[in-house]
Amino acid sequence: MQMKTMSKLKFVFLFLMFFITVNEFSPQSTDPDEILEGVKEAFTKIEDYEVDIRVIIDVDFLKVPDSEAKLYFKQPNKIHVESEKFALLPRQGLDFSPLGLLSGKYTALYEQEDTIRNIPTSVVKIIPLGNDGDIILSTFWVDQSRNLIIRVESTKKPTGTFTIDFTYEKYDDYYELPSKMEFTFTVDRMMFPRGMDGQADDEDSNYKSDSKTGKVYITYTNYEVNQGLPDELFETENHESK
Amino acid sequence: MNTEEKIIEIKGLTKKFKDVKAVDELSLNVYKGDIFGFLGPNGAGKSTTIRMLLTLIRPNAGNIKLFGKNLNKERALILRDVGAIVEKPDFYNYLSAYKNLEILGRISGKEVSSNRIMEILETVGLKERRTSKVKTYSHGMKQRLGIAQALMHDPDLIILDEPTTGLDPQGMKEIRDLIIHLRDEKNKTIFLSSHLLSEVEQIANRMIIINKGKTVVEGYVQDLLNSTELKVTFEVDDLDSAKQLINQSRWDNKVESFSNNKLIFNLSSEEIAKLNKYFVDNDISVSAVIPTRSLEEYFLKITVDKV
Amino acid sequence: MMTGLIKIELYKIFKKWRTYIGFIAIGLLVAIIQTAMVFEGQKSLDFMTRNLQDSFLFVGNLLNGFFISYLILNMLAVHIPFLITLVAGDLLAGESTAGTYRILLTRPVSRMQVLTSKFIAGNIYTFSLILWLAIVSLGIGAILFGFGELIVIKSSTVIIFDRNDVLWRFLLAYGFAALGMSVVCSLAFFFSSLVENAIGPIVATMAVIIVFVIVSAINIEIFSSIKPYLFTNYILSWRLIFSDPINTSKLLNAVLILLGHIVLLYGVTAFIFKRKDILS
């Protein structure tokens, strides 16, 4: 009798050990496609949303007041923006949608685990196949526990590499949507628009070197999710709402 | 000689343009109530002198006193009582005659009411055309407007530079009458610069002739004209006898020329009667004595002789 | 007396048809530019900002009354001076040509009073021309395009001003422009005292301005060292007002230099005029 109990216990213990061990050392998937599927699935929960955004631009050669606008999103990557005043919004950050990126053909590679802002993430590299689209390479830092992308780093032609850091919050106890987005990019001389005067008589130039990093911060508040936004809304031009 | 008030006192006035002396140590006096004739050929320095009197030009040397006051020091006070026309009267052509006078009236240092302006326009005969732009005016009309602007603030000294230029004989007479009226009724002093010697002779009581910036002669008109010689033509019946008689007499050097039955002498007014008596006493029959005072000749003579 | 004289001079200025050339010209020029903007404005704005638009999404319209008024202020750097010289160059020379010094300067008012009243009247004309420019630019701009954020593209910065942060800058800028044009007026006035004909001062002033502008624009070393001494340089300093932050010391410096020119030119003209023999 003692022998049988002992063996059972041993088995349970070993099983538990195994279980714990397995969970300890590989608590998440390392299959990149699986990871990405998780992300996609989480994202499809959201049909559409409208949200108030506040955009703060921190770029050396740009002096722009903080913008406030209303952003409308509908799957898979429809964006519409309305603002009372003029607003300057970073293209990449705004129309970033994992579904959009992942809708085409690509090769995904699992790289490693990484911790960002105290969040354990899995790093997946995505190489889009085919010649359409400007993205050459993207890297996702995925928080698998929530199936959310914490960071994206993409290399795009011709502008170069940019990084987006996301912070999420839970809305309605159900949806996890970005509350903050920090967008970092390389500022290229190419970005600089042509002047009207042609005369550099005002030397208030802070812009000395050729390449620097610029940042854009976007905060999202007052989400209204899955309200059933009509398609027509996204056919109108982004405009000032007045 | 004169204890009267000196209205204009010029001493040693000199003005040089580059190396040319336009006015050279000029001195003259004008007394209250004078109609003073200022004469000289073209380029004599009359215009320059007048411009200096009115502070348009700065003298290089000399002194000008008007109403006993130094012109440099009390310009504004002095010019309130001076009215002037300098050469051709020019106005703001794009404004009406009335408006021109109104503007000038406001800066004349005295109250010039609209009534006064109307009054003066009437005096010069421009009341009907007062709202017309000056650019539509004839030369004669501008001349009259010039007189209007010189008189409208009731100045005590009036400086007139060729005031009758461009006027018809009727107009000229009107101006002359006006000048005399100003002196006689209003006790004004008039400084009159003119080429028209007949005019000066008719109305001026004192005069000066200048040439090349210098005084040639100055004095009372009557005196100056009396002391000059006249060209007198004696028409005689017998030229040869007359000639013979004259050759032997003191009148010989007074002969200017002769022709036909005429002998022409240069005589003063007193001498005419004497020569006539001489002829008569010597049985030369004189049919006519014709004094022809050529004023231009006289003027030219004086200016050529003296300088 | 001065007020009276200034009124008289202003009356004389505004009774001449040539004075209205400036106002009409500006009205027409602004109207033409605004009309062109109605058709081509968005295109040129997009062209200017296309690089920026590659990376950034533009929401809202930058083609508004402020943008166009800014453009107009730039474009009229040579045109307006010419319109100013038309009147300023005639202030003294005109009296000479007309022969009216003889009735003006033989009156109890002093030469300094006459000169100063003309100088002030000329500047009043200058300011009213700039005021007119402001009204027409901003007015028509507001009606045709409304107001909005203003984008200013400088040599190494792009600034977008919030719409509530723009009007006061324009008011200052027009004020500064008026100051700059006052220098032009003073220069023409100075030339006007030297000659008997109004054409001379107009040509001379424009020649000076054009030469200065050309010298400033050429990037040769010798010219660069002369540049700070050319007043045309500082006339464009109104652009400093459309900066964030505003380089107040540089702006103040420009104001003082322009004021200095005005005072100097007035002083020299007064010196000449007081002593001048009037032969006309």
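As written, the chain order gives the labels A, B and C, with residue 1 at the start of each chain.
As a convention for this text, contacts are C-beta pairs under 8 Å (C-beta built on N, C-alpha and C of every residue); 3 or more make two chains touch, one makes a residue touch a chain.
Since the structure is predicted, the reported quantities are computational estimates derived from the model, not experimental observations.
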Using the contact definition given at the top, which chains are in touch with both chain B and chain C? none
Can you figure out the chain closest to the middle, judged by Cα centres? C
Two chains share more C-beta contact pairs than any other pair here; which two are they? A-C
Roughly how far is chain A from chain C, centre to centre by C-alpha average, rounded to an integer in Å? 52
Euclidean distance of C-alpha centroids - chain A vs chain B, Å: 104
Per the touch rule above, chain C residues touching chain A in the complex are 47-52, 54-62, 71, 74, 148-149, 153-163, 165, 217, 233, 236-237, 239-240, 243-244, 247
In the complex, go through chain C and note every residue touching chain B. 1, 4-5, 8, 11-12, 15-16, 98-110, 275, 277-279
What residues on chain B touch chain C, complex-wise? 51, 54-58, 75-80, 82, 84, 86-95, 103-104, 106-109, 149
Chain C-touching residues of chain A, taken from the complex the two chains share: 61-65, 67, 69, 81-83, 85-92, 94, 159, 185, 190-197, 199-202, 204-207, 238-240
